[in-house]
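Both of the next two complexes hold chain A, though its partner changes from chain B to chain C.
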Partner chain A sequence: MIGTLETGYGVWSALYWLLGLVVLFIIVYFIYSLGGKTVKASGDKGKPFLSGNEMEKEKIHVKASNIYWGFTEALKSYYTPLKGGHTGNINDYVSWFVVVLAIVLILAGGL
Partner chain B sequence: MILVLKSVIGACLVAFIGIVFGLLYKGIDRKLHAHMQMRVGPPVTQPFKDVRKLFLKENLVPENAVDWVFNLMPVISLVSVISILLYVPMGVDPILSTKGDLILVLYLLMLPAVCMILGGFASSSPYATVGAQREMVMMISYEFPLAVTIIAIVWRLSKIYSASNIFTLQFIAAHPLWNNVGVFGVIGLAILLAVLLIVTPIELSKIPFDVPEAETEIAGGLLAEYSGKNLGMFYISDAVKTVVMASIVVALFFPYNISQYFSFPQYVDYVIDFAFFLFKAFVVIFVSVTVVRTSFARLKIDQIAHMLWVPVTITSIIGLLLLYLDTVF
Partner chain C sequence: MINEHLPALIIGIPLLAAFATPLISKINDKLRNIFVIGILGATLCLVISLAFNVFNNGIFVYVMGAKSPGLTLPSGYKMPVRIILEVDGMSIFMAIITSIVSLLGAIYSWAFMHKETGKDKYYTLLLILAAGMFGMEFTGDMFNFFVFLEITSIAACGLVGFRINRGESSEAAFKTMVMYTLGALFVLFAIGILYGEYDALNIATLASRIRYTMLDKIALGLLVTGLAMKAGAVPMHMWVPDAYAEAPAPITMILVANSQASLYGLFRVCFTLYGLTISTYTLGWIIIILGVLSMFIGVTMALIQKKIKRLMAYHAISQTGYMLLGVGVGLAVLSDANALNTYGLKAMEGGIFHIMNHAMYKGLLFLTAGAVIYATGKRNLNELGGLAHKMKFTAIFFIIGAAAIAGLPPFNGFASKLIIYESVYKFNPMLSVIAMLVSILTLASFVKVFQSAFLGPEIIEVKKEPKSMIFAMLCLSVIIIAFGLFPDIVVDKIVAPAANALVNSMQYIAAILGGA
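Our next item is the complex of A and B:
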């Protein structure tokens, strides 16, 4: 049975949220339907805005590898040493595993 | 049954309040922003006129866009952001106060941003893709200090009261922490308030944190390809999210009401408390949005990520530690 989840600190009922969501969807969709008609643009009108540059579709893709650029650039003083640890050598990775496990066991035993 | 009725009628009510006051606050913000720059500025009703005009325009869908995602996301964005108001006190108890807590609100706050990201990716525009990527970086950066701030407050409350609904905004708003902590606690709370006031314009993508849109740089970014009613829905969604963020700040830090100082009938008390809530929300928006966006220029995305992960996160943890010290001394 789906009821209200009570954790002892907080509460959460998915059903009431869904009910609210359905009512809100009807209201918002009604507002949305008051707007102008939707047109699938084609030709020049349908091309993405590129400040007037003419480029083929394949060449305007932004690579997924760029996603975290702002993040990695901001924290590069953290990432650069970490990258150094990624040698690709399995012996190094096992060593890291053993060292970290030892530290965790010492901490767990000590505390 | 009563709760079902409450959630149906309440959904209509919060939709009306969120949209009307959100757009009104947007108008006031633009007017004050203009005055601070020695301009006359648009009338406070300008956002209503903007929405009306957008709804009169054609809704263009780019040739290579994923149509259903492109058109659905503006609607889902507005639905999800209004749904948060069901759990947030606005001078009176939240409509679904007993059916959702602050953790739920934290997750719901992410939904409008996720909708914008999906809509941006679906629009097939490189500018929108760059904007969506920036929005994702902002999301993974501001979540941590925001979570630390909220958890710190609730954790401190749990040391004072033992209740089964301590995470609900109704409980937090009914038990202001300022009255129950010592010197360390007051300093810690002031620090956490400052953190939340910094996170608010970031959550709302306002200058200097508007990198996902950045008109002068990536031509509107996420919204570059949006027009007509789709753009109108995102516009309203942004306005409602402003009310939501202000409401959360008010509920966490300034939940005080003034109706107890008068002896009016109860329904008048509700009106007075709601009006006072609107005033407090306006003050929060003025301080964290209007003043900030008038005073600063846009930051770069890596500067924002660094600021959030290093100084703001450290500050929020200091606030948390001070609240902890308050329980020790």
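Our next item is the complex of A and C:
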């Protein structure tokens, strides 16, 4: 059948997946439509809320640097040497190139 | 008549057009833009025509300057002496990518470069870059490959440093030039070794003669390292974020295809040139390790970037890792017929399919980044926010590109990654687990970009995206969705022939030397 891809272990069909998604969407929409319609987005309920403080919209936008702060902080011991290795110095770029060449030559010698 | 000369025309037309471009620029800017787009459109048509020829009739051989284009061995000759273009399934697969990306890059450039000066030089270099990539992909001659490699390097560096009002682009162009030159020197040194030993430059002739002496091993090491560097493999990747981040957005998209042309060179060397002689198991593992390092270090570095194009450049490195992993597994089991047929060939198909998918979705993502920079004048994600309010089309295209690169169904990235996960799992489950983990981190990284740049309140002034930019992004989005919905057609028609062309190196040799 068109759209069915053999993947090695089994098959994948995006068309069937989409069909499943449509069915899921209909079920979700049905449940959603059963909900109450009394919530108003205007007034106090529509305002941004952050830890009990009212803030301006512009100030609540989370900046890119703050996203995943916890992740990078927890992996500090991984990131510190990794960032240190990316010096931006062309001499280091060439050094890594030569190091890889040496390793590949040693390994190729044993082929 | 034209059909006989297709490979030469595909290289020659953009090359000649490149030198005509500055002259046409003298008449009219609009005419020049139409001319460049027309030339690249015509080249795409020729590539499609050649693709039909190759997929229906097998390897297409073209001897430059011979009485008959197919005459590889004139009577009395034991080896070819002329430059030969040899187009098999893998070559034409790469050419399809190059032609699509170059054409859409030129279309996008129309509006993106509208206010820039020196566009005659810009379009000249763009056409030279395209011609160089076609040359790398079609040539059957090692020295000719080096010449085209250098042509692409010079054009690419010129385009990376095209705007010198930002000091960073000059620095990026300098660093890229140093790395490209060093890599090309390694390649040239290796070709010199092979020529000195075997008195030949033709790839098929060399492949039939290589005995794998110590000198051949040195040449292999030089070729693998030089080409892997230009493909952006870790830890030789550091020029990539510099170059990709500083080049104009449409050029960055073409630079991705340029790196893939080097990846093609790497695969051609490993499979065709050395595949018959060496134990490919160790070489396959070298490629796999480079792939895993590229995947993991690329994505973890991307996660902490603040500049939008630099972040995407690290993802380009990460995605190259998938290609190296898939094809590396195929190389590692090349001499084991059972493993090759069970999962090796499938892994290669996954890796090769990912080359095309990556060119499309990464191209789209770089174009969306270009649209953001065009509309806001800002590159730092910390200074962006709420762009989806005004840039609705770009936001939708970004979602499509981000979902594809993260491997979410039903987009094309999912299809190729799924093949890689499943086939690589049979070779080594841990490699497959790492590949899946990298996909999760990729998704996390693009969620960050979407949240910080497109969501939230409007905090900056935004210009509307011009139509030509939207058109180029739309074309790529349509390809991504089509390849995602019908991956089986793409795999059966163009990916499987490419994988088979790499595996069956005897066919490549026999097309030139006869026999086998």
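Rule of thumb we're sticking to: the second predicted complex is superposed on the first by the 93 of 111 C-alpha atoms of A that agree within 3 Å, B and C clash if a C-alpha of one lies under 4 Å from a C-alpha of the other, contacts with A are read in each partner's own complex, and residues count from 1 in each chain.
The definition used in the following text is that a residue touches a chain if its C-beta (ideal position, glycine included) is under 8 Å from a C-beta of that chain, and two chains touch if they have at least 3 such contacts.
Model, not experiment: these values are computed from the prediction.
In the superposed model, A:32 lies in contact with chain B only, and not with chain C. Of the two partner chains, both chain B and chain C are touched by A:17. When the two complexes are overlaid on their common chain A, residue A:100 makes contact with chain C while staying clear of chain B.
When the shared chain is aligned, chain B and chain C each come close enough to touch A:68. Applying the stated contact rule after C-alpha superposition, one finds that A:92 touches chain C and leaves chain B untouched. Of the two partner chains, chain C is the only one touched by A:3; chain B is not.
Of the two partner chains, chain C is the only one touched by A:82; chain B is not.
Shared interface residues of chain A (contacting chain B in one complex, chain C in the other): 4, 6-10, 12, 17, 57, 60-62, 67-68, 71, 75.
Chain B makes touch with chain A in their complex at residues 3-4, 7-8, 10-12, 15, 54-64, 67, 71, 74-75, 78-80, 82-83, 86, 96, 98-104, 123-130, 133-134, 136-137, 140-141, 154, 158, 164-168, 211, 219, 224-225, 228-229, 232-233, 236, 300-306, 309.
Of all residues in chain A, only 4, 6-13, 16-17, 19-21, 23-25, 27-29, 31-32, 34-43, 45-51, 57, 60-62, 66-71, 73-75 touch chain B in the complex they form.
Those residues of chain C lying in contact with chain A across their complex are 174-175, 178-179, 182-183, 186, 212, 214, 217-218, 220-222, 224-225, 228-229, 235-236, 238-239, 242, 278-279, 282-283, 286, 297, 300-301, 303-304, 306, 343, 346-347, 350, 381-382, 384-386, 409-410, 414-415, 418-419, 422-423, 425-426, 444, 448-449, 451-453, 456-457, 459, 484-489, 491. Across the complex, chain A meets chain C through its residues 2-10, 12, 14-15, 17-18, 57-58, 60-65, 67-68, 71-72, 75, 78-79, 82-83, 85-86, 88, 90, 92-94, 96-97, 99-101, 104-105, 107-111.
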